[in-house]
Amino acid sequence: MIDQGLTLMLVGMGTVFVFLTILIVATSAMSEIVRRMTPAPIDRDPTADEVAAITAAIAQHRRQRT
Amino acid sequence: MIDQGLTLMLVGMGTVFVFLTILIVATSAMSEIVRRMTPAPIDRDPTADEVAAITAAIAQHRRQRT
Amino acid sequence: MIDQGLTLMLVGMGTVFVFLTILIVATSAMSEIVRRMTPAPIDRDPTADEVAAITAAIAQHRRQRT
Amino acid sequence: MEALQQIWQGSGLYQVTGDQIVMLGVCLGLLYLGIVRQFEPLLLIPIGFGGLLSNIPGAEIATGDGLLHLAYVVGIETGAFPLVIFMGVGALTDFGPLLANPRTLFLGAAAQFGIFATLLGALGLTELGLMNFSVREAAAIGIIGGADGPTAIYVAGQLAPDLLGAIAVAAYSYMALVPLIQPPIMKALTTEAERRTQMVQLREVAKAERILFPLLLILLVAMLLPSAAPLIGMLAFGNLMRECGVVERLSDTTQNALINIVTIFLGLAVGSKLQAEEFLVPSTLGILILGMIAFAIGTASGVLMGKLLNRLSSQPINPLIGAAGVSAVPMAARVVNKVGLDANPQNILLMHAMGPNVAGVIGSAVAAGIMIMFTS
Amino acid sequence: MEALQQIWQGSGLYQVTGDQIVMLGVCLGLLYLGIVRQFEPLLLIPIGFGGLLSNIPGAEIATGDGLLHLAYVVGIETGAFPLVIFMGVGALTDFGPLLANPRTLFLGAAAQFGIFATLLGALGLTELGLMNFSVREAAAIGIIGGADGPTAIYVAGQLAPDLLGAIAVAAYSYMALVPLIQPPIMKALTTEAERRTQMVQLREVAKAERILFPLLLILLVAMLLPSAAPLIGMLAFGNLMRECGVVERLSDTTQNALINIVTIFLGLAVGSKLQAEEFLVPSTLGILILGMIAFAIGTASGVLMGKLLNRLSSQPINPLIGAAGVSAVPMAARVVNKVGLDANPQNILLMHAMGPNVAGVIGSAVAAGIMIMFTS
Amino acid sequence: MEALQQIWQGSGLYQVTGDQIVMLGVCLGLLYLGIVRQFEPLLLIPIGFGGLLSNIPGAEIATGDGLLHLAYVVGIETGAFPLVIFMGVGALTDFGPLLANPRTLFLGAAAQFGIFATLLGALGLTELGLMNFSVREAAAIGIIGGADGPTAIYVAGQLAPDLLGAIAVAAYSYMALVPLIQPPIMKALTTEAERRTQMVQLREVAKAERILFPLLLILLVAMLLPSAAPLIGMLAFGNLMRECGVVERLSDTTQNALINIVTIFLGLAVGSKLQAEEFLVPSTLGILILGMIAFAIGTASGVLMGKLLNRLSSQPINPLIGAAGVSAVPMAARVVNKVGLDANPQNILLMHAMGPNVAGVIGSAVAAGIMIMFTS
């Protein structure tokens, strides 16, 4: 029975690792494909840098108008 | 079997029409009875005409008070 | 059958009363124990008297500051 | 032509019996009471509509594989629906007023006298040859006097399934009629001075008391009267979820989606017992009369016990609150409040009446346990 | 080594059949239609995912004690799930536009011609030796033309359980395709002038009318066509809870938690009928084609009846609203509105189309009752 | 007199056994842990109360036609309740952190070592003659190490129904004890410097990735390990409803009313397995000890795999997040966050730990599939 348990442990952990490794590969590939097909994510928040740049641009625009 | 289908079609469409015709008659009668028994619907919104009339009345009332 | 009914009535009402009497005793004991173990209830609303006292204290404090 | 004949012979007009027409009328009457008079609409509307569907000739909704019959088999024969409703009642019940004044449990006890008196009455009618009720049936009829719908349905489902339709209809109808049935009895048994009695404000109840009470209740039932454990157990479980404060999502669902879903199917399943051939029998009339008597006796015993408690107690007790001991939560407590206000406009009895009101729920579940133990 | 072999022989890669791969693709396609194209997502997503699970080789989710098979046995074989959904539909349906203009029931009647024509077509294909449908199966296929998912599932569950998967998929897919299927037919059968017809505003409907209508409906069904009573009864019950105004908590739960829970399990259970060996048969193709024809004929009959009513009526009736008579609530009414707006930007037909739209629900439930009566 | 004797012989005081008194105490203890210590209250309160009801002498709530036994037969023997809960877990789970950093799946894999080591331990105890577990029972006990309640109940219901009570109690108790069990192990296996490691912020995850992930997951399971398909399938279905964005009403109901209703009855049904004669056996003690060991080994393997990944990876990985790989969502991730903050107040690991945390759910469902495949 211990033998059966050892086999189950080896095969079991092996299967868990193999399955999750394949899942990692597949998920990474899927994410890569998705990101290539949708080049510019449009609904994310602007980063701090972008906010700064936009703020500066608006300020300059206002200065030019006045 | 086609015969059975034809019968089913004729009788079926006939029944549908007869049933819904009776439903029309019964519904209309029911609505008529309801409307006769409740002469003035009290919980409807006022119509545009009524709103105008009421507004005018209030305005006149205020003028008279001042 | 009437006999059985009479017995059922007597025993039944008796049991209801005995059970609920024991429940009264047990509940009262439980409440007493709970109240002894938690001396000061902290989450109750202030009474009218306390509100009056607090209001007065705040008013006096403000007067002293000005 | 043959097809037209088949339609005609399959139609209700061809198949309907006089009894079914009577029952369709009765069910429309229940719907009228629920919708227009707003008598216990949450139950009378599903029961009434279920009864309507069950009396459609040839539709077989309440028999065989029909949906209403399935609901009956799954939910009432097993006792599951009334027990789940009782869990919901527990989750909706505030035992605070009872904990603030536990003596009101005596009022909830006294009002159960209606149950046992009616049991005796049902057996007496049988002895006289006017009716033919077995002891089990008499016990199930008596429970109508408990003024508690799920308890009545649970007991009837266990002891007298054939009478379940009449018992459920009687129980909910009379619970709805509490504002008509109780006040005359309350006034006849009390003096103007008694009705004017004002009671001292209830003390606050600690959270720990509220949490411990359902546990105390089920442990006492476990030790003294295990046959009441299914009903009281589900009530206590619902109440523990409500009061413990750490499973709000379960408590919310129990008080809303779950109790509503089960109420709908419980009502429809009860309606399946309103089929003409089962309902239009002499015993139904007997049940309706006995149920009314049970209510009246329960109210009277509650009020009389209120008078007794008032004499024995150091603090004043308005005997009217005894009438709330029949349960019929929260209608009976509201009726008490109204009768008290009529006698004395400063006399707010509502919270005081909630104690005996929820005590009545416990009392009739205990009585149900006794009935089940002695007759099965 | 033996263990590795066991894993390999237990794997999907080892066990999968070509048909299962096709069906996995079909189910992913249904999910695509539901998620990306938003075609009836509430049903196509559970059906599609249920189909996916049912075609996993060796998983046995849709057979024996598997969850999806249990859901099928409990909810569809008994008819309970579609009937509960119909109760929810009743609770979600506003019969006001129908009550304001009851003649639109004629449009809901005419559109059922698609059902019976398809029945005939299915029998014709059998006569020609192209297919092999029994009368019961032909009747169940015809109901696809009713454009009403729960009705189609209910009838298929009763008359032709083997075809249930294909019928349900066809019904929901075509209901989703209404915006593509209907406009060309509508335009082909009407003149520009007809499509421009404006209709007078609907009168207000009293609360009492709304409450009495479901009762009238079930009583007429009881008298004339009891075999339609389960479907129409649950529809009427749901609608009565909605309109009576005194059981809001039951109505809310019916419109939300209850219909949502049942929709999920109905969809998964239907998905269990998408197993390759049952679904990938010639009859499925026949059903898909016949279903499409049923839709087209139903739309056409509705529009033609609209034209007839317009001639006979004193007040103008836009014949486009006849297309909404197939039901597919509320999609068909929206399509009518859109086609009407295309012809005349002042022409708001939405509320006028809701009348025949809900009439179509009643009409196809009546047709379902006729089918069940004549073939079982 | 005879009646009084009947009451006395029917009472709990007369019938109760010493074992039942012990179990009533154990159940009150579970309620104490749930209510006062707030250890997994959503499960421990229903389980504890269900256990209370099941040990009421003579009440027969957990046997025969009793409500709790019915719930067990309907919901646990069939596997339906844990599968529906898993659907709800899917609808509540955000796989975003996992998608942003898929390598954390390795941590979820490593932590399953606790499962298989415990299986071996259970068989070892049997070999030594200390216990008497079959391979199926040993497998069910091992799953406690998966730290996932519904998975443990599902597997125990399939492989070792007699041990279900002890396994469920162990699983939920240890999940609740995660804040006590894990930190010492985490600290023993990591250096102060490792615990201080800060990780780079997770990238954003696109909606399409979120929608495709559950489909990818179920398709991989279908191809490689169909015996895990029921559990993973329901998880993926719930998650697809959550992420697809077009069936909010189904997703909301799944996350609320549905999972709450099933949680209540799952808990009560598990409680029915706490009857004294089934629970107070030597194997329960063995299960409790083995479960604890399983947790500890799972935590340790996760942390060690975290250290390995940190060495192999170009970007820094704090090995503490490996401890979250046992699942126990979201408790384990919170514990990781707290231990990380103790070492470095700038070190917010919560989102990084959510990746292995949900990976642990997948990992233990995969391990469950392997156990079921090899032992049934």
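As written, the chain order gives the labels A, B, C, D, E and F, with residue 1 at the start of each chain.
In this section, contacts are C-beta pairs under 8 Å (C-beta built on N, C-alpha and C of every residue); 3 or more make two chains touch, one makes a residue touch a chain.
Since this is a predicted model, take the numbers as computed values, not measurements.
Among the remaining chains, those touching subunit D and also subunit E are B, F.
Judged by contacting C-beta pairs, the busier of the interfaces C-F and C-D is C-D.
At the interface between subunit D and subunit F, under half of the residue numbers involved are used by both copies, so each side presents largely different positions.
The mean-CA centres of subunit A and subunit D are about 58 angstrom from one another, to the nearest whole unit. Centroids of subunit E and subunit F (each the mean of its C-alpha atoms) stand 41 Å apart.
The set of subunit D residues that touch two or more partner chains comprises 3, 7, 224-225, 256-257, 370, 374. The multi-chain contact residues of subunit C, meaning those touching 2 or more other chains, are 8, 11, 15. Which chains touch which is summed up as A-E, A-F, B-D, B-E, C-D, C-F, D-E, D-F, E-F.
Residues of subunit C that touch subunit D in their complex: 1-2, 4-6, 8-9, 11-13, 15-17, 19-24, 26-28, 30-31, 34-35, 37-38, 41, 44. Across the interface of their complex, subunit A is touched by residues 98-99, 102-103, 105-106, 108-109, 112-113, 115-117, 119-120, 123-124, 126-127, 135, 138-139, 204-206, 208-209, 212-213, 216-217, 220, 224-225, 359, 362-363, 366-367, 370-371, 374 of subunit F.
Against subunit D, in their complex, subunit B makes its touches with residues 7-8, 11, 15.
On the side of subunit D, the complex with subunit B involves touching residues 3-4, 7. Residues of subunit E touching subunit F in their complex: 3, 6-7, 10-13, 15-16, 24, 28, 31, 34-35, 38, 41-42, 45-46, 49, 52-53, 55-59, 61, 65-67, 70, 256-257, 260-261, 263-264, 268.
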